[in-house]
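Quick one: structure below, then a few questions.
Chain IDs A, B, C and D follow the sequence of writing; residue 1 opens each chain.
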């Protein structure tokens, strides 16, 4: 079958994004079920293909409390379907293993206690083979449900949620394994044979221009019948001042200018907490940038010079020279904010970003290259209500202490993208494919 | 002279607040200087009166990295005038001690390195007497400047900034010494003789009612000629949905209902980070609430029952029975948020709060009883520009990872209050006089 | 070939131990080489057999900074032969992979920097298959050396050292994998098929009696031509007071008496640092003892009662009922010391233990059941000189902050035991098979 | 009265030390009581004189968990007399304040819970004046007891214990306030006016020679009727090999040679845990050695050169140039051990040290200049029994994880010294006046 198109094909992103906000005649439950039956097979298979060249050892390790083993991702997404769909809505469904609820629950308090997050790497048992058997068991049951014909709109929705959840974990699997491999002094490549795109591929960079928006009252948030997360709703009006948004993301070459200008040694540019990180953690460049003595195993040195040739960058394909024209990634919010200050600009709010995206044309897609830190804290929209039931723990309880990112990265399954999508991470997180797009008051 | 009225007199707060937004004929520089000369004497004296019954030992200790010794507050506010006003604008001014710049700089990176914050309690030298001499030295120079007649509008403004800064530290002195005394098993009282008000005094509580607002486009932020911090500007329009705001703050009695209903044991009500705090720090009630075995020194027990009689509360006057009708304080944002969820309501945004305050009448003052956590992260207003120069580090660099509080507390110098004022603390902070006012969608 | 006898056969230990101190005609270098050729094959094979039923995932994980992954043990012991024997003494030997020196050096500073200890679990690459190929590469070279006939006494000695080193890691592999599996809520069994002995097997317990020694001047430390570690030398005289030593180790049943009597709640019995551990780490029983609610996955409860039936014990064979007559193990030095105080006795010094072992007869072997904490700190013997060269880092640099254990456990390869052997661990370590034997002044 | 001679007079130490082991006719209880009455007044007064030039603020602060505020020392030593002597043996004695037992108990578990050690600096109340009143209250009662004539031998002994305890705290007061002052960027001097000796005074250094001892069976530990701690008993025989001991301590000049030779950068000389400290804590010289940029407040730089002129040393008299001939102090055990290895020597055992001290003549006193780290772990002597009752917690429960120091320092009250005295600290402790004397096998 090859790599599923939905994961890796470089589709014209703008078209996809626009499509998501297009209103359409609502499909029947039966039509939805049929579409889901196809999507389920494609997406669940894509998860396995992403990692099928990784060894059982590779899939077992956990490199920090914030990340998870690949095997855990594979089991957790399966547990999600089993718990929300099969056990609740498939009469006669039998648990694959009743203990898995304890092992593979991520953070759902309503389901009781669970395996401690920082200990996920200790789960050599169940083995990868057993987890694969678990996936097959659940998939068989899901297929039987889906192939039976029309499901209720509630069940259809739960399956759609599970598939979007699986897509989110597809991206996390790539960022988590990248971090784990980086802790290996051999700096191994994940090597993704058959992938049409790699982390490094990139179209030539156009000069950056400022795209002006007039502001005014704009509608923000998801509307229409397509799936969206609860944190994208309700759609509501906001009042924006005029602003300008950069036509493309900040590149590696531009970021090196900031380093060379002493950006990491000058507190003027930094938020107070960010400057604290620079000092306590010794940041001198984005995560994964190294000044490597090639003759040395395990060698990392802190960057002296600040010329782009001084650096090597760890990627999913192993160590690579940085591409000057590629969007800089693996920045914390603090670094994105400091760069913007140094550049005499600022980060956009998530509302500016979304409003601009609606009217965007003639320039590079607004998503695509990297997740883009916004100046907006991850707060609830006016009138926000978490989903009912277990899914209510999906988003709302994380709405403090995090910043919103908009856009998407090469690692984001392309069908997963839309301009109302709100990604969020704590301001110090650097292991995502996170960069920035500049903004300024118009 | 007695306790200065500006610090403690129970003025009709609403009137004061309203007054701040009233536009008036702009005074001349000379008129401003004359007013400042009076205000300077009053306010600087008030700082000393607040703590004049505390011993040199009391004024030296630091109870946690987030707090500071009283003596350090007294010296730092003095250093602020010396650095921004006297050294920059009084020709011939001589430093009291050139080493004090290192000791009493709080966080101004532009001035170079400084004494480590968690080590402020080690500063037994300079002694309290030397710090008082420092204050007198600086005050003499400031008086000579102010009494000379008209100062430039820039210098007038810097003095006004210094006085507002001093007022902020007056409140912090009370919250910091309260925390330090609480770590003493003897639970001493700060005892504020001569203060017209104490932490415990309170008018009878009216029943809570919901005050409805229609929403729409509202102007937010400071305007007019009176002093305001940069974070209150620029004044700008926001679009609000209809909402309702509670007529008064949540009381101790109401909060005990939450405890008794198992609020601290039920993750449903909590933000994820908040639930983490409950578990890792063993929270079972607000800070300073204790179930005391009176026969035991240093004894604290975790709350069993959840009846208000089970508790004693540590106050600036020592241990006291909680007043059921008083506004609950010493809550973290997490606790305020959890209470609101449990109550079927939510916290207001800072915009809702400010918009309501403008049209508030016939109910208790919207400020006054306690700082009120809002649902709003501490983000910059559209078009926000930090002040130029050193003062630029005052507010802007803290705009991440914090929540906005609105209102004020009994410890806030009353002249310091206005409805556009934005206080901010990290979501886990509990040592301020912080409570909550409920809101809901209308 | 089956399980090698040297690892698991329940030999009459006393005979073995006695034999090691018997002086004999010194063998020629050629005879030694021939014996080593046999021993090398047997022992190196035994390491693999110990773990051949573990999956690559099982062999990759690291459960704490003090332990190491199985795969790392397998590679490190191989690196030890490669570095000390082959690269130094086999002309023309080619490194298997020059990067392995960085990865698999444990703590030899003279060889430069190395992979950080707490990150050993991140080494999914090299894979287990590659590590096995590494072992084969090194073994082929070693075989070719050994089979060539007579090696110099220096090289013979280095090979002997490498084999003793390998045996030490065989024991650590069992204790490390046990700890890692215990962190898995499924509590898997390591399952050692083909092993003649299991952790649980045990001969019936005889009543404890006191074996009296008269003291006086006694010779302590290794003598003769057989291999010993540098820390066992030089043999020297010590002066002992009369003392008595218990005829057998403290049993599970006896230890439960201590628990039931409130041993973990009474500071009288504890060293100050030990009481600190009891409180900060919540110790209520030896490591791996659990009061399990069998219906619950991942469930551990702290022991309420103190009856032996209340407990289940995690073993290499999974969860088991404790055998009342078996020697209690997985005690820290603090617990061993507290038990002895409670019992009105004390721990022996390592000198008393060794002196008694020389004259021991008619009672159970003095080694065998568990490592036995002694009251002796791990200090150098008078006249102690670390080995020359790289091996000098083997023992001497650890001589502070540790306690000596004597004896051996079921996990100790039996040929590895001798009465002059000095094992050592920090006083809080509990993951070894460590118990105690009582002593008292005679 | 002036500074009491027993604290500071530079007596011929050797004579004093020898005297302590001289057996004499046992005095009667009445004679003992009379002597104690005098000693009590002298010693208790000396404690106050040591600190009477320190402000209440100086006496309140605590610089680390291992140290205590001066005021706490003054209260704790008083509590010791109150608890062990007055409440137990003076009928009708009334507590000064029943809450003080909670505040000023150091580590006596048998007396129940107590104020947390790291929070001792929070005790601004009771004030210094109240603590002084506490001392007077207890002293009055003690005087009335002592002046009454003959006390029982048990009570005499308890008073003697209390006075030795007070002397130990006199030394700790100096080391603790030194550490606290060092954390003040102003580097204030404690200034001890009236003290006959200062930290810096020193007789000219003689060349170092080796004093040879033949070893053999030697008696170790206290004997005779004079007071000694339980950890110095029982006197017992040990068997020593021949050894040599250096005639004097290592000097600052000699230690600088070690630094210049790269001693802090070469792992060969270090115990493994010591090397860990060098790296994690950035040690490049003894504690309190600084390469100061004199024009900078609060400035510390790490030592570049390793010439003695590069350094300034913080002392009780403020910053001073190091005296090349003075004994180096403020070393950890790790540094003392590393220096000895570098010098081709070793540290003595405590038994060698004591055996040599008995036969010492013609050289400088063996004590006096600094506490001397020994190679001996702090283990119990054969037959050791802790004292009965509360005093049983004085020494025995600390016998793990510490190293023995012998000798004494300028800060040790001279009447407190004897050659059987065993001081002990963890191997990483550097805030005591701790140096080293070299030893080697003869």
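As a convention for this text, contacts are C-beta pairs under 8 Å (C-beta built on N, C-alpha and C of every residue); 3 or more make two chains touch, one makes a residue touch a chain.
Note that the structure is predicted; figures quoted are calculated from it, not measured.
Counting hops only between chains that touch, chain B reaches chain C in a minimum of 2.
The chain with its Cα centre farthest from the Cα centre of chain D is A. A separation of 39 Å divides the Cα centre of chain C from that of chain D. Inter-chain centre distance (chain A to chain D, centres taken as mean C-alpha positions): 59 Å. Measuring from the averaged C-alpha position of chain B to that of chain D gives a distance of 46 Å.
Across the assembly, chain C contributes no residue that touches 2 or more other chains.
Viewed as a contact network, the protein chains form a single closed ring in which every chain touches exactly two others. Every pair of chains that touch is listed here: A-B, A-C, B-D, C-D. Interface residues of chain C facing chain A in the complex, by the touch rule stated above, are 55-61, 63, 98-99, 101-103, 113-115, 119, 121-128, 180-181, 183-186, 188, 297-298. The part of chain C that touches chain D in the complex is made up of residues 107, 109-110, 217, 236-241, 267-268, 270-275, 333-334, 337, 349, 375-380, 382-383, 397-401, 403, 427, 441.
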